[in-house]
């Protein structure tokens, strides 16, 4: 049976122009890396949007795997802009295989 | 004027825009893939930049350019003030949203300018090539004014400065417009000849498809718009009328030819829906995109495409005539 | 006929399609980005629509149009019946899948029509411009027949009606085809001239790349097809032969010129693989895409491109000759 | 230490033509919003597909954060079309920061 | 109240050229299917990349729902290439509705 | 030479590449959508393949082709050895990374060839059409040598063989280049005429936008490059100089015309950054992309575009002259 480690998986839904801000914080938190996934449409308090990268108001999903400590450090670091910039941060425990490096 | 308007409405470019508006209103699923839309807007900016640069290489530089650039920067800086007051007083918008919207109206819409360029060309009053440079320099100053207005009397959250300045001064459209303008000026007519088939012959066709997409996006936004009040809607039509008229007058005053004066009017009348919204998400995230995008994209943009352009062309002509 | 077939097989358009089939069969990784494929199909529809509209603006409207449109709607409504019976009896398909497949064969394939248009043009028998309108009106009626057949005797799950009707009557291709057809008719030759470089000169080249992609998709589907029986494969070739022949006869009977009659035959012979599959996912999700797409996209489409077009052109000629 | 709330994260893999149906149900369930992510290829009982948006049989991933109550209300609402339309609905608990609004 | 089943959700972040390898293993593990999501940019030990599909070094996210047994069978099967090919495999428990088939 | 270099630097093609480098260095957000970039590269390969095929259809096949193809395969197989030694000795790279980098320099860069083709055309020394076939056959042999070098003395992980061979021999660019080359040869000038507007007239314009993107990617990689040492940087410039010179000499020796000899030199000087990296991720995942991409894409590619092409053109001319 292959051994696994428990890590935090953090996913942050953020305005694309803000992705740099968020990834900078991830790097600053000493997390080993991150990945960005595209989001094609959505709906929230501000109403609906669809494939509007052209208007710079589309979203991206930033995903990062980190140790619980670093994860909450990141959460702390992002706290100030969370509500102001309408970030949506969710995290949960995942099993990572060969995950020592995370 | 009638003739112009008429020819405008039988031009495929405008007809495709109307088709987009109609299809979205009927809630058709028709949609242009985002990568394609983005690609077309890059193409349009590169092409218009190149053409402007080539024109300048041909005509040479004169004092007119300096005046036009200066006028562009100043109006982009000051126009938000006017808009801000109207938004606060008449539309009773809070400070932050008023500042955000004001920034949009001080800045410019590339596609509106591109379309105007085509229409004015058809009307035998093509704007001077350097108007592309004016377009580029007018995009960002208004953002600064808008931010000052929105934040005045408040401690500003300075920590995302770097990001913001990059977004503002090195934003894609400014870099691409000025870059291809320079390339056109360096390469000149001879160099441009080799790439003409793509950037010149194909231009209007691409503009058709792009405006089809703009029509779809503009109408969909309007249908989903929640925060749009009738007072804001009124201003979204009043702004282009007032700013455009001021623009044409300034343009004529500083001695631009009718075509360029009309183009300058269009620039003042147009509102940004690309560079500024992106900057606002960074610097004024509390501002509601539902307000500034519905106004600039769903009302002002169509108004300028369908009415504004012909209007300011006629105005510029009559002023030149007098 | 031989000559035609030959010229067909040395045309880049067909050769790129063969290249796609070959590359996919060899399991090459070659793939066209989806956004690009989608963009090209929008371009092709806008271009064919424009050209048709311009042609009508030139030729003017005559009774022929009304007949052709009517014939198109009726055949699209009735042809699924024929297919349904064959699918149930010969291929022993269950009611739901039979209805779904039947809908595909009653409807049409835009790209098959576009390719036929080019080939017929080369053969000096270009179809009338209004055939584009016929193409558009034939896309959806078959969906209704197919659904009735698939659901007859069953309580229909009515709650997604709205969605379905929008999908059916306002689906992207119908709106874009009819819209650009109208634009072409309004703008006329003069208006079209400005956008001709993109929509006319570039057309065949884009068609090459698009057919390359279609070849890749068609072959890959076939290689992964699980639910395709030999009986279904037989029908996927028999349907275009029968429907196409019927179509050419009807076309000639209602007095269409040979080119248009051939085009009408192609429309009847072709099967939808865009509008109808999407509608089926909404209305008949239990139907297996592995069946209807393998048949329409992987067998019927290549058959029509490589054989059907030349065949029905020859048939239309001989009928006209007699 | 920044406080977090437990919410349900629902992810629904659905045929793109059906996205409207699903998001309509999400709105109906009174959930604050949703986001749609693109899916480029996949494989299942119906075989394999790849970048075939052109044939309208591609999939999208609809993601939504909601309270447990609203989440199961949504599940109930989607139940009738779940198997018929081949939806794939998964949900799990996540920590949401500043998640009062969800 | 609609009944749900607990399944493993496996997400594998992998170099796009390797997706075939991974999905082949998934099929081999007898898992009913998989879906691939695009990844637009990322950063890790090898540095940063952005929309570089053109250089064949971009990533994709392979997502699959499976029973715990099949999930760990898959993990075992992928173990040899996990570190060598820089795969990032995470998995966690999710509730699946009408999930008997997974 | 000076004149050439000059004309090179006033060509929009090169200027857009410089714009890309500049914009990325200034950390501008300017970016070409990936689907568009991928689409343009497919278009460029199809176009260059077609043109080459048509040229061969016109000129007919002679012994020169056989020689050129053979020379291409052999150099692609052997050049990695030279590179490998330098990488191990001078740059002290470990075996695996040295093998991976060596494979890149034995293979070729399609865009470098395409750009060279344009520049040489302007210089009235267009390469022979069959050089496109040479380009295609040179892409993959080097991968084999590179792998052997990287793995020699090690048990090779054989289980991903199938994948690898497909990736290597059926990789998208090889299939598309040879496929469209064949199509061009079959269709000939007459068949090509119909698609000329897209594949010929539009070519240079698309190349501009594609090089803009390449400039952006190349500069960004360099800015983020971590594993690049000065010794590696030196080799990234030395390799094209040495390999290119060898290539021109071989080309002249086997009796190619100056234009083709220059093109052959460019092929040897260029390094792959598409086919080979993808193959390496499969076969040598432990090798660091930060090394091989920074070298081939961020240093060698710009060097060849800005200097190499003119250089080897001049060399080929002088050799021909003597």
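A, B, C, D, E and F label the chains in the order they appear, each numbered from 1.
By definition in this document, a contact is a pair of C-beta atoms (placed from the backbone, for glycine too) under 8 Å apart; a residue touches a chain by one contact, two chains touch by 3 or more.
Not measured: the values here are computed from a predicted model.
Chemist: Which chains, if any, touch chain B and chain C both?
Modeler: F
Chemist: Averaging each chain's C-alpha atoms to get its centre, pick out the one most distant from chain C.
Modeler: Between chain C and every other chain, the largest centroid distance is to A.
Chemist: Among all chains, whose Cα centre is located farthest from the one for chain D?
Modeler: Relative to chain D, the chain with the farthest C-alpha centre is F.
Chemist: Taking each chain's centre as its mean C-alpha position, how far apart are chain A and chain E in Å?
Modeler: Roughly 18 Å, centre to centre.
Chemist: Where the CA atoms of chain C average out and where those of chain F average out, how many Å apart are those spots?
Modeler: One centre to the other, that is 40 Å.
Chemist: I'd like to verify one number: the distance from the centre of chain A to the centre of chain C, where each centre is the average of its C-alpha atoms, in whole angstrom.
Modeler: Chain A and chain C have C-alpha centres separated by 45 Å.
Chemist: Which chain C residues sit where two or more other chains touch them?
Modeler: 31, 33-36, 38, 167, 197, 201-202
Chemist: Residues of chain E touching 2+ other chains?
Modeler: 37-38, 40, 92, in rising order.
Chemist: Determine which chains touch and list them pairwise.
Modeler: Inter-chain contacts occur between A-B, A-D, A-E, B-C, B-F, C-D, C-F, D-E, E-F.
Chemist: Going by the contact rule at the top, pick out the chain D residues touching chain E in the complex.
Modeler: 13, 37-45, 59, 61, 72, 75-76, 78-79, 82-83, 88-92
Chemist: Within the complex, which stretch of chain C touches chain D?
Modeler: That would be residues 31, 33-34, 37-38, 41, 157, 160, 163, 167, 213, 217, 220, 224-227, 273-275, 277-279, 281-282, 285-286, 288-290, 293, 297 of chain C.
Chemist: Across the complex, what residues on chain B touch chain F?
Modeler: The contact residues of chain B facing chain F are 33-36, 38-39, 42-43, 46, 50, 166-167, 170-172, 175-176, 179-180, 182-184, 186-188, 191-192, 194-199, 201-202.
Chemist: Enumerate the contact residues on chain B facing chain C in the complex.
Modeler: 10-13, 15-16, 19, 22-23, 26-36, 197, 201-202, 204-206, 208-209, 212
Chemist: Could you list, by residue number, the parts of chain E that touch chain F in their complex?
Modeler: Going by the criterion above, the answer is residues 15, 17-18, 20-21, 40, 46-48, 50-57, 81, 84-86.
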